[in-house]
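The following block contains the structure, expressed as structure tokens.
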Amino acid sequence: MVKKRRLVLLLIFLFPGALCAESVTNNTALDVIKLIDDMEELYRGDASKAEITMRVETPYYKRSMKMESINLGTEKAFIRILSPKKERGVSTLKIDKEMWNYLPKINKVIKVPPSLMMGSWMGSDFTNDDLVKQTTLTEEYNLELAETDDTYIINLTPRAQTVTVWGRIEYTISRADRIPLSQGFYDDKGDLIRSLVFKDPKMFQGRLIPSVMEMIPLNKEGHKTVIVYDALDFSPSGVNDSIFSLRNLRKRF
Amino acid sequence: MLMWKLAFRNIFRQRRRSILTALSMTGGYVLCVLSFSMTEGSYNNVIKIFTEDHTGDIQIHSEDYLTRPKIHKNIDDNADVERVLNQSEFVRSYTKRVFSPGLAYAGNENTPVKIVGIDPDLESETSRLADKVKQGVYFNNQPNDDGYFTAMIGVSAAASLQLNIGDELILISQGADGSIANDIYIIGAIVGSRSSWDSATVYLPLNAAHDFLSLYGKSHQYALVLNDSADVIAATQSIQAQLPAFSVSPWMVVEETFYKTMQADKEGNLFGLFIIVFIVFIGVLNTVLMSVLERTHEFGVLKAIGSRPATITVMILLETTLLAFLSVVAGIILAIPIIYWFANVGFAMPEPVDVGGIAFQHMKGEFSLEVFLLPLLFILSFAIVVAILPGIRAAKVLPTEAMRG
Amino acid sequence: MMLTYKLALRNIFRNTRRTILTVMLIGFSLAALILTDAVTSGMIKVMVESVTKTISGEAQIHKKGFRENLDIDLYLENSSTIEGQLAADDRVKAYSPRVIAAGMISSSYNVSSGAVYGVDGEQEATVSKLKEAIVEGEYLSDSPTEILIGRPMAELLEIGLGDRIVITLAEADTGELSQALFRVSGVFFFGMREFDENLVFVNIDKAREVVNIDNASHEIALLFHDTDIAASDTQAVLSELNQGDIEALDWRSLFPEITSVLEMSGFSSVIIGAILFLLASLGVINSMFMSIYERIYEFGVAKAIGTKPRQLLQLILFEGFLIALISCAFGIAVGGSLGLYYEINGIPLGEFEFAGVALSNAIPTVLSINQFTHFPIYVILLTLTATLYPARFAAKIVPSEALQKSL
């Protein structure tokens, strides 16, 4: 029962620098590839720290978690759960395509095997796979731009060899603020299967970024995951390679 | 009364013939009894084994948990279920269980397992789990001094993880609230055998399972054992009527494939027996016809002096039935010791056979009134049917022709 | 001799009704035996073939230890060498190498775990029933994105022909994550749950690429020309292959539960047959006695004028023999025609699961030469044996007593 999230949205989740509006060129004749690339360029070399609240709703439970996320480039991420108390200290380390979870109650690091990669991360509508995969959007997708008065709508269709379950991803960006408004994930028939909506833009260290992301699987009633950025730091101190290690993962927190 | 005397005397007029005929009916009877005993016995044995081992006579679930298990399809402790079960006259004991798929880790090994949370006391009264402990000791629901709960594990899982008594076991699964369920347990016992249904199972005390899965005060399944297994259908109906919100399923539904296979096999068996008895009675028909034909003169005389045709028919029917009855009595005497041995000793098969998912190892017979009665009715009915035509024939005899021949 | 024969023949038809009944008695017993054997053979054949011909093949070759956990790292590196051996061996009818890996199967709508089988379409079609099991779409041709999915899994993943499938698994040796995209090209339905719900099939070259093993395979399934798996030739092939860390097993070792069911059936058939004939013999004895009693005056006369006891014995035995022959003809006719009818149409037995194999179709009976040669011989022998007692009785008749009876 897990839906594969398109990588694009995850990269945004983990690498909020991408949402920064400033570095996108302001030409009227829009170079679409550059638009997407610029957004991706923002992740490269970026280090950031974020404090996030994630709310998961299903017909059977509602959960709210606070977590701290540290990122370096696109390859490395370290997420640690701060609350609720029961899960305080549960951490996830991602390096390239590999992922590990640390479970403090049993003091054990579990490497996430491929069979669990399609499993949901922390019970949300995101999968482990979403957090791990990297694609260079412009290399694996064909881009097409449509414009309305206030939005750019970019249609990403996967190339023939691109490994994905989606037939099409529709990326809607606000013209005025240069921030994403929504992403739609479609199957081959053109039905919208998942929808990611960006809301509540706020200023974080001088950058305008949507502080809320809502993920809704449309073929599963009553399911929703909401991510709220409580804080974002684009020039965090002390972020270096040693953080992204199994040793650090195991360290008592 | 006269009829009876006549019938009796007629049978013994042709001793050898009657004896041979009787022998074939006795043989047919004993064969039927043996066959019934074997099928009833083996199946009843197997049913007893799995209902006592873990299935119970009846199971209660929420919605369609039985066919599509999902962690949230559970039964609240405070729902009426326990009250109804406690009051029911049918129920001898019951137990409640929680299930979840999970991953077990130990040392450097890991393997997928089925996690089952049970109440140690209720479980030991309702199923055979306590008897299946191969190593170690049946657990209780108290944590040990270090605060760890004890787990019991099946043979295959223990082998894959290379676990011994006292080792640590890590379980990981998904909680009912979406969190990652994870905890450490100490292995207190290894249960069952490599081929038993629970060889890839880890048992946890119910309270520990609730903790682990964040599923407090709920269960996925109630399994009940009845005072008399024969009441299973009546009990199911009674309990279902009192618990309309839940699914109450008798073992026939729980183990549906096995049940269907068993029915098919029993029917096939019955059919086979029918054929055999049919063949036996061709021989009996031969005898009856012969005996009727050689007494044509006699019947002619009887009719001439005023006997009604019906009387003659009845006499012939009586003869045949009486002979059949005597054969059956002989058959019963022969069969009793054999069936007795069968029911109490039986014979073991070299390799357990899988029938509809349940393993059969022993062929045991059943010793009951039914096993002896049914074939008796069978044989007697055949005897009556076979005697009808000759009987009617005899009754239609014209006295004048008959006395001439 | 001729005289005896003529007399015997004429005697049998003196009481036609009785002869008919006796013939029916013996004949039906024979027919019953033939049919029971045919049904049992049919059931066994269906059971065995559902295992061997559906997917498993009559024998399989693996690396030792592979069968325990389906460890993807235990692959046959020199698979092509083995295949070459098999191709050159004329005892082997067909073989098919397979790459087998457990993984996750995802669609745009849902995800499920399953086993991925990489096969060579042409070779697989010679060994298993995969091609015939296709209910929608097409069988494998050589395109790398083709994938065949079982109907239940297709329903679970909410997909149809042409839809996207992403397979996620761990590569051999490194355990690294590997994913690949496929398009549903065919849907199959074997009618066997374990296969339909869990397996997907792709082209073997693509599978090797995804799992990252060149030219290797995890399993080679074989069929032999000789349908008797116990034949020495077949067994020789297997023992030649069973070297070092390679294991070659026939279906009896791969599926021991079925083997024990077979043994049990064979055992009980013999018992039932024996009992049936015992009972029938009683009827035969009775019948013969009746015929002798009727002629007791005759026999008395015959002996009085000098017929030797031995000749009377012969006569009765001959009568028995002739009855046996006619009965066999009758029994074969009945048993054979019913057997033939059910061989074509199958006996409907409803749903059944035996030794893990679901049998829900009508089972065709299997007629074999044995039934028409061995069984009739047993029948004749048994009838003759049953006739002995009455024959001896006839031979021992005391003329003076016999002549007094005026039956």
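Letters A, B and C name the chains as they come in the text, with residue numbers starting at 1 for each one.
The rule we apply is simple: a contact is a pair of C-beta atoms (placed from the backbone, for glycine too) under 8 Å apart; a residue touches a chain by one contact, two chains touch by 3 or more.
Being a predicted model, the structure only gives us computed values, none of them experimental.
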{"item": "Far-end chain from chain B, centres as C-alpha averages", "value": "A"}
{"item": "Chain pair, A-C or A-B, that carries the greater number of C-beta contacts", "value": "A-C"}
{"item": "Chain B and chain C, separation of their C-alpha mean positions in angstrom", "value": "28"}
{"item": "Distance between the centres, which are taken as Cα means, of chain C and chain A, whole angstrom", "value": "59"}
{"item": "CA centroid of chain A to CA centroid of chain B, Å", "value": "58"}
{"item": "For chain B, residues that touch 2 or more chains besides their own", "value": "none"}
{"item": "Residue list for chain C, restricted to those that touch at least two other chains", "value": "none"}
{"item": "In the complex, chain B residues that touch chain C", "value": "16-17, 20-21, 23-24, 27-28, 31, 160, 257-258, 260-261, 263-265, 268, 272, 275-276, 278-280, 282-287, 289-290, 294, 349-357"}
{"item": "Touching residues on chain B, where the partner in the complex is chain A", "value": "72, 105, 170, 172, 174-180, 182-184, 214"}
{"item": "Complex interface listing, chain C residues touching chain A", "value": "102-104, 106-111, 113, 158, 162-166, 168-170, 175-181"}
{"item": "Sites on chain A touched by chain C in the complex", "value": "1-4, 97-98, 113-115, 117-118, 129, 132, 161-167, 185, 187-188, 193, 219"}
{"item": "Interfacial residue positions of chain C with respect to chain B in the complex", "value": "17-18, 21-22, 24-25, 28-29, 32, 36, 69, 256-257, 259-261, 263-264, 272, 275-276, 278-280, 282-287, 289-290, 349-356, 358, 407"}
